[in-house]
Amino acid sequence: MAVKFLAKDNLVPWLAELAETHRTIVPKREGEAVVFRPFAKEEAPELSARPTESPKSAIFPQCDTLMSFRYTKDEEDPGKVLLDLREMKDESPAVVVGCRSCDAAGFNTFDRVYMTDKITDQNYRARRENTLFVTIICEKPATTCFCNWVGGSPTDTSGADVRMTPLEDGWVLESITEKGEPLLSSTLLKDGDDRAGDAEKIRQQAKERMPEAPDLSEAPGKVLALFENNDFWEAESAKCISCGACTYLCPTCYCFNITDESSGMEGVRLRTWDNCMSHQFTMEASGHNPRPTKAHRLKNRVGHKFSYYPNIHDGNISCVGCGRCIKSCPVSVDIRSIVLHAIAAPAETEK
Amino acid sequence: MLQNTQTAKDANPYLPSIGTIVEIIEETPNIKTFRVVLNSEGDMKNFTFHPGQVGQLSVFGTGESTFVINSPPTRMDYLQFSVMKAGEVTAMLHTLSVGDQIGVRAPLGNWFPYEELKGKDIVFIGGGIGMAPLRTLLLYMLDNRADYGKITLLYGARSPEDMAFKYELPDWLERDDMETTLTIDAEAPGWEHSVGLIPNVLQEMNPSSENCMAITCGPPIMIKFTLQALAKLGFKDDQILTTLEKRMKCGVGICGRCNIGTKYVCVDGPVFTYAQLKELPNEL
Amino acid sequence: MSNLDTLKAKIKERLPDLDMVVGWEQGFDPLRATPLFMRTEEDVDRLIWNPLCVHNLATYLPGLKGRKVGVVVKGCDSRSIIELLQEKLINRDDIVVFSMPCEGVVSVRKIQNRIGSLDYVESVEADTGTVKVTVDGSSQSFGFPDVAASKCGRCQYHTALLSDEFVGEPNNEKAEDDYSDVTSFEARPQEERLAFWMTEMQRCIQCYACRNACPLCVCRDHCVAQSRDPHWMTQENSTQNKWFFQVIHAMHLAGRCTECGECERACPVGIPLLLLKRKLNKEIEELFDYKAGTLIDSTPPLQAFKVEEDNINERGW
Amino acid sequence: MKIGVFVCHCGSNIAGTVNVGSVAEEALKLPSVAFASDTMYACSEPGQDAIIEAIKEHRLDGVVVASCSPRMHEPTFRKTVERAGLNRYMFEMANIREHVSWIGKDKDANTRKAVDLVAMAVAKLTQDRELTPKTFDINKRVLVIGGGVAGIQAALDCADGGLEVVLVEKTSSIGGKMSKLDKTFPTVDCSSCILGPKMVDVAQHPNITLYASSEVADVKGYVGNFNVSINRKATYVDWAACTGCGLCMEKCPSKKSRDVFNEEIGTTTAINIPFPQAIPKKASIDPEFCLKLTKGKCGVCEKVCPTNAIRFEQKQETAEEAVGAIITATGYDLFDYTRYEEYGGGRYADVITSLQYERLLSASGPTGGHIKRPSDGKEPKDVVFIQCVGSRDKSVDRPYCSGFCCMYTAKQAILTKDHLPESQSYVFYMDIRAPGKLYDEFTRRAMEEYGTKYIRGRVAMVYPKGDKYIVRGADTLMGAQVEVEADLVVLAVGAEAAKGAPQLAEKLRISYDAYGFYMESHPKLRPVETNTAGVFLAGSCQGPKDIPTSVGQGSAAAAKVLALFSKDQLESDPQVSVVDIKRCVGCGKCIQTCPFGAIEEMDFRGMPKANVIETICQGCGICTSTCPQGAIQLQHFTDNQILAEVNAICQQTPAQNLK
Amino acid sequence: MSANTGSELKIVGFLCNWCSYGGADTAGVGRFQQPTDLRIIRVPCSGRIDPLFVLKSLFNGADGVLVSGCHPRDCHYAEGNFYARRRLEVLKRFLPILGIDERRFEYTWVSASEGQKWKTVVQTFTERIHELGPAPKLDQCLMERAQAMAMAV
């Protein structure tokens, strides 16, 4: 494991070096938001504020072309039309620098679904295997943070290839995975062993600053037990306005839609983020909707994260506690309190 | 159990095979049946599936929609799908003609436990387009007739013209190795078979539940009352099989649309016993 | 008894006849209020009324159509209720409107711009004079006008235009609205205006919080944004496509928007969406002398006409 | 979907400036197009047969014809595709003649444009859906507006055909302009002798309900089921009681009342029957001149009336009539002859209009048929006729030819000679327009037999000299200025649209041209139809016409109505709005904006939803552009269909957006 | 997909069937020569023209959009153009804030008999669009320019 030190002034040159070989994605301030964008020399990345969006799109773009198609006519018989399909995959090497530990850990949630022993989402895999994460630890939890509730920590390395710990004059960089090591080969990085201690102190402090986490081990069972309790979900969802801010900013929400768009004889099949809070998400062609109200939909969102997913995937909660859904919710719906309410709710009688 | 190329680990699960429509049958005013052959001879030859599995048909430029493969695996000249006009994709499918190319992503999902059903009596109860998934299993059983006990079919539709598979009905009626009852909701001129709602006709038929499996598919309201009728006839929850229709997109358990709690209809279904359904949260 | 206590008492009085009353309570941090759905007297005790009560609760009313609902509103919010009533999207008999004079609400975003990050807010003292925010152990004070929502600076409706229970002295002050935000933006060169939207809209994540927070976007569940018939939009995240949605949103609100600013406030990435609607309102006012949400018995101007228009030239070439 | 494209040469009309072959070639590259060819005349029988054959051979699901305007041949081709077994709405036209070949000479640019228009039509067709008309009952009654000769003919033909007819006339008698004429050209037979019996037929026909002194106030509904409000003006006489004896006229002291029928060449009484042959022969009071109504004194008529029919307190009433079709025969009015100040009309008593002259010639006129100058009652010797007063003159915004003035001027010159054998007539003319049967022969008789002097040229001015008038003008044939001394000057005033014609058009929802004349559906092939189904035109309301043409049109319009009513039910146009019940939120904005009241609120499982009444919907699509979520869609012009056309001309391909 | 390769610009026309489309036909019958840039979409009534069609065209790369209907008071459907007048006027005034030149959009009233007027309208509008030149295309290219510009401001 390599430990290096990156001086403040060398951040941009180092990123510029990375950008020569990788699609380099960094958090940037745009208007009043901090978003992930390709690195450009003219603009310094924003590493101190928590990014408004998650780095999800680096691997799972909001709109991804799964394949393109083209119709061609038979020369002899123009009534006969042939179809040509082309897969679209992006395998270019990429690195995300400056996302938080929890953000990078979010992809572990994806991996369990997108790359199983039965199927592999090839578009996802192509980017996932070729994208590295340089995460930055959180020195102090925000009022919306709860990574330690769901098995994470401000210094977590479960999704990182390299971890950055901020010091006064720069950052200590440690490689976490083998794939991360080459990122630290730059001559702009100095040996960081002498600063490792300072960094460890900061990390320790960061962990200590986290408020105590409640025990969520009961959550999967409790949430599922409330499935038929419509009053509970109606009360919890009353203020929800059914928008997609929570799901689209979430590092672990992985649902999508597939639609075709065409122009003339050619077109594309697109895979786009979709949002389980939307009425149209489960709307069937007949007009029937199995999740007709926002209570049904919020139940599915919370249920999926804290119950269904952990039930299928060895108890792993599909939430990393980044708190974006709370912070950016237009009406401040707080998923933490919903889960706590569910745990505290009196047990239902058998249905 | 997921043995074909579509679901193998390094295949693109979203990439359809291209097939050609070789025949179109106008079943009813709003149902058309499409017979499709995959363009790649190898793919067609290696294509295996089980009765009850579904496929996604693509009209490129419009989208994909899910249909049960309603030809049996014992008859592999083509794959057959029956399409009722409902949304955008089905409407577009209805405009296609023989020779047109479509995408086929199949087989997907689970299937009727035809191995376990061996030796049992079978009652098929189909309503409207719900006959399609039953047809594949019925034909499979007829092709392996010796393996199964008494086969009874009750098929109902709103009116004579809404009956699909008209061309096969005479054969099913005539065969002496199965018993076929057809019914429509209300009297119609020229109709020589039963008249009445499926659950009522089923009660009159009074099939024995002894060593018997009931397999039913149809519109929700019919299913509801058919389940009640079956219970009255002594069928236990695990003696009833049905297959669900649900909005699916990816078909491989990812996209998050078709789950009922922890179960994804596209991979854990669409075939469930009534006992299994009762275990699921109520979100159909 | 303070005004708020009187209001609570009034709500408790009416609660037995209502399915619920919608108000505000303190949210997850001291700066954030959150909508409160009161069904019991204990719920009512959590009600707050202060400059942090930014949400326009009228947004919930169309979704609760058919139920008896009380709603606490600021002056500006009452315009949305009037517009909803005017368009028959809610029933007057089913709603009870509670209100108090409003002296303005904060813009959380403006506070964020001042103090950098809102991640560590420890306490907030806000009244209509100053707003004092304590973050990470240190406090900062701001003059209220500096961190008030922009709409409050041009407020003409401190007092609700419609209320069943009004507590306090009505405030009938009216500020001027000269649409200087619109005119100054329009004074910029055309390429710059286009470039502005292209860069702002690129950030859009298509979450449609703008739409769902809007009290007058009543198609919500059937919005053309996600429909293929009509197929106005694709699911692509091209800037063109995302911007087109905002244009649709603005056009659908032309003559109906009450400028509550919820679209802009709800936007998680801070796109100044109200500007488009303000522009339309400015033109609607000039053309038809009409302000949405001020009269129950009128018709949105684009759902009406005059045979001889006062301010439209017949475009003879 | 398989689409066939047929690109028409239209002889050289299109092929002259559009490369028709390459349009077809390009069309074949378009999505869904399975067949494309060019054709000499797509609308001809072999052209249509070729389309049918191609549909069958290539199993086409829809057809695009690129040829003339759909306003011309869309119905033709819809029938064609229907004959081949397709739904008639699976058809689109690209207008490459009126919109391309006829308006540009650049063959390359035209060809590009034609290709685009075909692409748009194909794109729309791929979105088209089969539509089936519904049938509805019709009310087999017809409203005829205007009781001139065209309206009379239309009313009689309809009534004889077994239809109930409601005839509405603005003035107190039917007869129109023709009833004011003395004789008619070219036969010089007595106008009232040929018109009179027809008027009587109207009065006596059991199928005709006549509303005189009445005007159409409002029209609601649609073909087959119109509801018409008729304002019945106050006549101050109970027509049920009035026998038309005329005693009141004899006794009325207000003898200087305006004589409209006689073109104010004389005066009449305040209570009057306009002329002896009037139908209905009923008296009415001119409230402007009646002493009782203006000053409150008099009431003589009330005293003398043998049937006590006088009703000074009478008010305007409104009658409602339900009809299935409407024939508009509102005629024309005369150009205001005072506008040519240089002629002195209105200033000089002996400068009169041709219609005033007609009343002087008429035996039932104010002079009893003796030609007398209005100024002094003397018989004129030299009579000058000036033609084209308010015709063919852009300076007075009347660039059109009124058509019949040349003929009636010749007639009046002949009659002048008949009445006053010593007289001499002069006619200043621009060109002689005499294209009818025996018309040219008639003008020649005026010149050759009756010695009328025709001077080709414009009159510059008319001025009095002693008790005569000097008419100064140019003789363009002689190339000289001429001056003619005249005793009487007759201005051959042109026709203009009847006053109030545009207002009536708005009520009927038909269009009119810049001069107020009503627009026919097609200038050649649909001359008596309008673009509003169930509304037909007859006579001069469509443009100036002489009597035979007006009568012909009256019969033509009647035939159209009879044909329309030959079925008991009509098919409604399926191009109506349809509500997607799943997407409708019941906000009622469509209900609010529909001009026809064709959308109602209905209850759907406890939710309010919009519901379109198909027979009332006219297919304007205002609702579709009002509904924000697009839940109500006008069939055949849905958002997706129009968007398909937009996208066919300008669209960024998805590939362009790929990053 | 447009085969537009000459010097023409993309001008989309939305014309009501009864008046303006007829007026364009009348212009054709009268052989009134016009520029070839315009592509006409026929709709039943100007009231059917959702302003969003105009915006969609402009967003999709049209250089100009021309809408024409019956003269006010002459609508075949009685009221369609009254609604259209309000909506189109509002639209025209809306365009500047989007950074779209409002001269790229025009609406006018032409009756079925006004062939000459239609010619004048087409000619005037086409000339105007040519003076304005091609509209900026809302594509990736423009995005990059826009960003550079935003950074400079």
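Details
A, B, C, D and E are the chain letters, set down in written order, and residue numbers restart from 1 in every chain.
The working rule: a residue touches a chain if its C-beta (ideal position, glycine included) is under 8 Å from a C-beta of that chain, and two chains touch if they have at least 3 such contacts.
In this text the structure is predicted, and so the values were computed from the model without any measurement.
Separation of chain B from chain E in touch steps, taking the shortest path, is 2.
Most remote chain with respect to chain E, judged by CA-atom centres, is B.
The chain closest to the protein's centre is E, with centres computed as averages of CA atoms. Averaging C-alpha coordinates per chain and comparing to chain A, the farthest chain turns out to be D. With each centre defined as the average position of its C-alpha atoms, the distance from chain D to chain E rounds to 31 Å. Averaged Cα coordinates give chain C a centre that lies 54 Å from the centre of chain D.
Remark: chain A and chain D have CA centroids separated by 71 Å (rounded to whole angstrom). For chain E, the set of residues that touch two or more other chains comprises 1, 51, 56, 73, 79, 83, 87, 138-139. Of all residues in chain A, those that touch two or more other chains are 71, 79, 257, 259, 261-264, 267, 270.
Each of the following residues of chain C touches two or more other chains: 199, 222, 227-229, 232, 234, 236, 238, 240, 303.
Those residues of chain C that touch chain D in the shared complex are 87-89, 218-219, 222-224, 227, 229-232, 234, 236, 238, 240-241, 252, 299, 303. Partner chain D is touched in their complex by these residues of chain A: 65, 68, 71, 73, 77-79, 88, 261-268, 270, 287. Residue ranges of chain B in contact with chain A, taken from their complex: 2, 7, 9-16, 18, 58, 60-65, 86-90, 99-101, 103, 220, 246-247, 249-250, 252-257, 259-262, 281-284.
Contacts from chain C toward chain A in the complex involve residues 20, 27-29, 32-37, 55, 59-60, 63, 109, 112-113, 116-121, 136, 199-200, 203, 205-209, 211-213, 220-222, 226-228, 234-238, 262, 265-266, 268-271.
Interface residues of chain E, counted against chain D in their complex, comprise 1-6, 8, 10, 12, 17-19, 21-22, 24-25, 27-29, 31-36, 39-45, 47-51, 53, 56-57, 60-62, 70, 73-80, 83, 87, 111-114, 119, 137-140.
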